[in-house]
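Heads up, the thing below is written out as structure tokens.
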Amino acid sequence: MAEIKQKRKTRLRKPVNWFPLLMLITAFQVFCALQILLNSSEEIVPATIFIVFGSYVLIEWVYFIVFAGFLRRKSFEVELIAFFLTGIGLALTTSVYPDKAYTQLIAIILGLVVFNAVLWVLSDIDRVVKLRIPVAVLSLGALLFTLVFAKEINGARNWIVLGNGLLSIQTSELVKVAFVFVGAATLENLQSTKQLTKYIIFSVTIIGMLFVMKDFGTALIFFFTFVMIAFLRSGDIKTIFLISAGALMGGIGVLTFKPYVARRFETYRHVWEFADDKGYQQVRLLIYSVSGGLFGLGLGNGKLRYVYAATEDLAFGMVCEEFGMITAFAVLLTFVALVVYSIRYSVAARSSFYSIAACAASVLLLSQASLHVFGVTDLLPWTGVTLPFISRGGSSMMCCWGLVALIKAIDVKTYKRYDKIIRG
Amino acid sequence: MKTLSRRAWVLYLLVLAFLAGVGILFYTFFTNADAWAMKRTNRHIYNKGNLSTAGSIYDESGAVLAETVDGSRSYNSSKDVRTATLHIVGDSQGYIATGIQTAYNDILTGYNIVDGVYDLKKYGKGSDIKLTVNADLCVTGYKALGKNKGTIGVYNYKTGAIVCVVSKPAYDIQNKPSESINNDKTGAYDGVYLNRFFSGVYTPGSTFKIITSASAIDNLPDIGTRSFNCTGEHKVGGDSIKCLSVHGNINFEQALNRSCNSAFAEIAIDLGKEKLTATTDALGFGKRFKVGKVSLAKSSFNISEASTVDVGWAGVGQHTTRVNPCHMMMIVGAIANGGSSPEPYFIKSVTSPTGNVSQTKGGNMLEPMFSQMTANRLDKMLRSNVKNYYGDGKFSGLEMCGKTGTAEVSSNEGGLSPHAWFVGYSQREDFPYAIVVVVENGGSGGSVALPVANKVMQKAESIFGG
Amino acid sequence: MEALLGQFDYLVRYLFAVIAVIVLLRCVFSLFRARPKREVMATMINLADDSEIEISNWETSVGRSRSCDISLKQYGTVSRFHAVLALRKDGWFIFDTDSKMGVYVNGKKIKHAHQVFDGDTIAFGNAVMRFSSNGYGVDSEDEVADYTNAARLVNLSDNSAFYLNGSCLIGRDPECNICLPMNDVSREHAEVYLDRDGWMVADLNSRGGTYLNGEMVFDAYPLYDGDVIDIGAYSFMFRE
């Protein structure tokens, strides 16, 4: 008995062996492709599925062969999770909107570019320190630009549409990475600038602009992240409490004086009474989520897909119905794991910058996932945010991979050179 | 770094909050799964609110009562069968809550939390249900009720299998007269969606005297030797309990034979509130019985606040007392079966899409309602009712025991006619069936309900008898 | 064919769930259990009382405040948050974080940041320390290439290294690859060998037992860089 226990304890400390897991992930995606092919109506061209999934699997293998084979990185849990979740999202998109499959594939490729770019930027702490101010200015500018020129889609003015709708970008997504990047700081920076004032002004401006865009969900995510970063940086509970109280008051004020905002949340806890108007999507999500059972109905057999914005706003329900509740709840657990990983490694990061960035990025992902999942299932007010990695959307895909890079950078082993320094 | 990593521990709080949320979410999913999946807007199961893909329902003899053909529900080819079995089969829109198509739609669709509604995709249906109910018998019962509303139930008091459930008014499910039902002013469709047998409660009238008798046998040792003098009423203080005729000097058995109100009011007042309530409690008044997944309406007997004269009225089945017909049937079933009734059921077997058949065993005894001795005594008295008073000719060859009832539902003269009741059972070893008949506003139990009961029992005998 | 496809559609659902659970939970548990390896990367010796302060963070704060990694409470001349010692890619640096009395390296007051080397003295106000890096931060590019990644056992008492090749027996017997002539070491005490999963240490039913990072070894255990193996009175660190 003791022997088995002891053995397991040491086994699990080892980073996962990527090869068998990647084989499993590949199998998963191949099955997805087959099932889409099997259950599809005529409108899907088999070649599309073949190309999209073929390229995606190829990308995964190239990534791992390069980084594990040639660059000899050690731990791959974070990427494996990201690739797996992204794969689920890609399968859902391809099966529901075959015409948007290529766009999603390109978004994933761009996401990987962002991932590696962020990792490269983070490799040198001096470069990071130099880049913080420009990134802050750039993100403020981008949001301001959005505020002025944006188009309103689904009640939120946060889309920049270029070339007659050929390309639409949600700047608030891209600013997420920048927000964490600007918020983190090295220890000597923290010690010499003890005041949070500048950072508070920066955050309040960004959150305020999101509020004006009526993108309440994203504003809330930023607020959580901001509180977390402010606490990690200063440990100043009093100031943070004041800010939160102020935000709460502001929120209550908005809800009382702007009744149209409150009306957006009137279905909260009452979706079944609004089953045929405002609660339409949520009620369908609940019905079809349980219709899927623990193991799901299989890709393409669901009915939630015919509901508006199924692969974006209702992504959790899509996973529940077509892949089953077991998979859906396993997905939720991964966001927890990212946070725990960040906490565990925060003491051993190369700089407090990485600790703060990773903790903030994982909290951002966790809060976005909880707003999505609990919002759409009516446990929290529904704000219409997307489920990281799985929801369709280019900007959010890039954002998610960027955030994963921030989490990944906390581990010294990510960078070979530093790995060597520590080995001496 | 030390301070920073210590601060990072706060994140565990977020993690805990998230995990708690996930836990709550899973719990709500798990507990609500059946209810949510069976919602009318679930297009896996319903098409525009109509049950579309589900298993078949067969009657006891194997006749199709409902099935799915090419993605929509179709029913028995005979209009009479469709109408008479409406309440047991249920409609496809869920108006009839106790119908199989609503109460058992998870079995019909094969829904379960593990596989979801996958059976529907794989087999195009869930499980098939075979009932213990005989459609022809239901048709006989439905026709026997004539123009009156009412309900009839018949079950085997040895096994508990319900072979006949009729509730009137009903409609032909294939050609639902929605217009008439929605704009009904005449009352012809009052409570059309209610299965009166399971969900109705009625004033029991004289049928309740069986229960008063049971209490008397248990609590009054001299009841067998007592004699009663009926002058057409039983005076209590300034009030009185009226009897339908002047019975003169009679003993206990004769009092039940002739359904003498004076005698039973006297017995009830003699027994007192506590003993009567103890008897009704033992019989399951105020308790919710279940027949499969269907909950019966609760019978009620409450005299705690009643005046003495009202206790007398309660003893003859009036006052505020209400009885569910199925419950009444179980009570006489218990008498026939030596004190306890088997658990009633109406599902004979369930056949899964893969062909696995699970039979309902039946014969599970409920808690005893009467002692063996009391049951035997009542059995004799109920037999005496038919043999000596109604006449065996009314139920030729059935060796029936029973009691009629005429339940006043209107306090003023010339108001609504009383509900006519008959409860009883056949003593024959080869035909152990009990019946309850309620004809709403039908008039006297002896002249209205009793012939209905005879017709149904004769038909039942031709199907199930030895 | 139709039936076959239907069966595939039916079964693949279970497969999806199983793969998802294996992949995600495997990664999740790995992340849950992940714990960074931490070592003493440098030391500072307080010259006033020769006490040794071990530094195991990449960034270390120095000051009078209790929340500093190196808390110099008893020195009135040290600011609450005085300085930060950090390991950067070029080596160790000391940053003066707006302290009142300043930071001195080898007697010279520094402006903002200054690189420090082995043996430098650093003064925070009147607290004077001697710095010595534990070999961290020294550019290791010129190390002998063959041995950078080679597995070896370092005897912690004399820092001698034994380079591993295939299998290595440890015990009292002179035939063993590493011979430890002590009474509390069994004749054939333990074995370190290369397995499919990497280097493993196995106890060969020794009397005194083999300990890996303080835990008794039953059967075989995988070894990771920095693990310490205790055999009798001897301690070895495994490096690769």
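In order of appearance the chains are A, B and C, and numbering begins at 1 in each one.
Simple rule for what comes next: a contact is a pair of C-beta atoms (placed from the backbone, for glycine too) under 8 Å apart; a residue touches a chain by one contact, two chains touch by 3 or more.
All values derive from a computational prediction rather than experimental measurement.
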### Message
Taking the touch definition from the header, please name the shape of the chain graph: line, ring, star, complete or other.
### Response
complete
### Query
Which chain pair shares more contacting C-beta pairs: A-B, or A-C?
A-C
### Task
Name the most central chain, where centre means the mean of Cα atoms.
A
### Message
Taking each chain's centre as the mean of its C-alpha atoms, which one ends up farthest from the centre of subunit B?
### Response
C
### Query
How many Å are there between the centre of subunit B and the centre of subunit C, using C-alpha atoms for each centre?
77
### Message
For subunit A versus subunit B, what separation do you get between their C-alpha means, in angstrom?
### Response
57
### Query
Measuring from the mean C-alpha position of subunit A to the mean C-alpha position of subunit C, what distance in angstrom results?
32
### Query
When you check subunit C against every other chain, which residues touch at least two of them?
10, 13, 57-61, 67
#### Entry: Interface hub residues of subunit B, defined as touching at least two other chains
1-3, 118
### Message
Please output the residue numbers of subunit A that touch at least 2 other chains, ranges allowed.
### Response
187, 235, 294-298, 301, 324, 333, 336, 340, 347, 349, 352
### Message
Which stretch or stretches of subunit B touch subunit C in the complex?
### Response
1-3, 118, 122
## Note on the structure
Per the touch rule above, subunit A residues touching subunit C in the complex are 2-3, 6-7, 10-16, 21, 24-25, 27-28, 31-32, 34-35, 38-39, 75, 77-78, 80-81, 84, 124-126, 186-188, 191-192, 194, 235, 294-299, 301, 323-324, 326-327, 330-331, 333-334, 336-338, 340-341, 344-345, 347-352, 411-412, 417-418, 420-424
### Message
Looking at the complex, which residues from subunit C come into contact with subunit A?
### Response
5, 8-10, 12-17, 19-39, 41, 57-61, 63, 67, 81, 84, 86-89, 95, 97-98, 113, 134-138, 140, 148, 197, 212, 215-216, 218-219, 221-222, 224-225, 239
### Residues on subunit B engaged by subunit A in the complex (per definition of touch)
1-5, 7-12, 14-15, 18-19, 21-22, 24-26, 28-29, 32-33, 36-37, 39, 41-44, 111-118, 121
### Query
Quick one: in the complex, what on subunit A touches subunit B?
187, 228, 231-232, 235, 275, 283-284, 286-298, 301, 303, 306, 321, 324-325, 329, 332-333, 335-336, 339-340, 342-343, 346-347, 349, 352, 355-356, 359, 362-363, 366-367, 370, 373-374, 377, 379
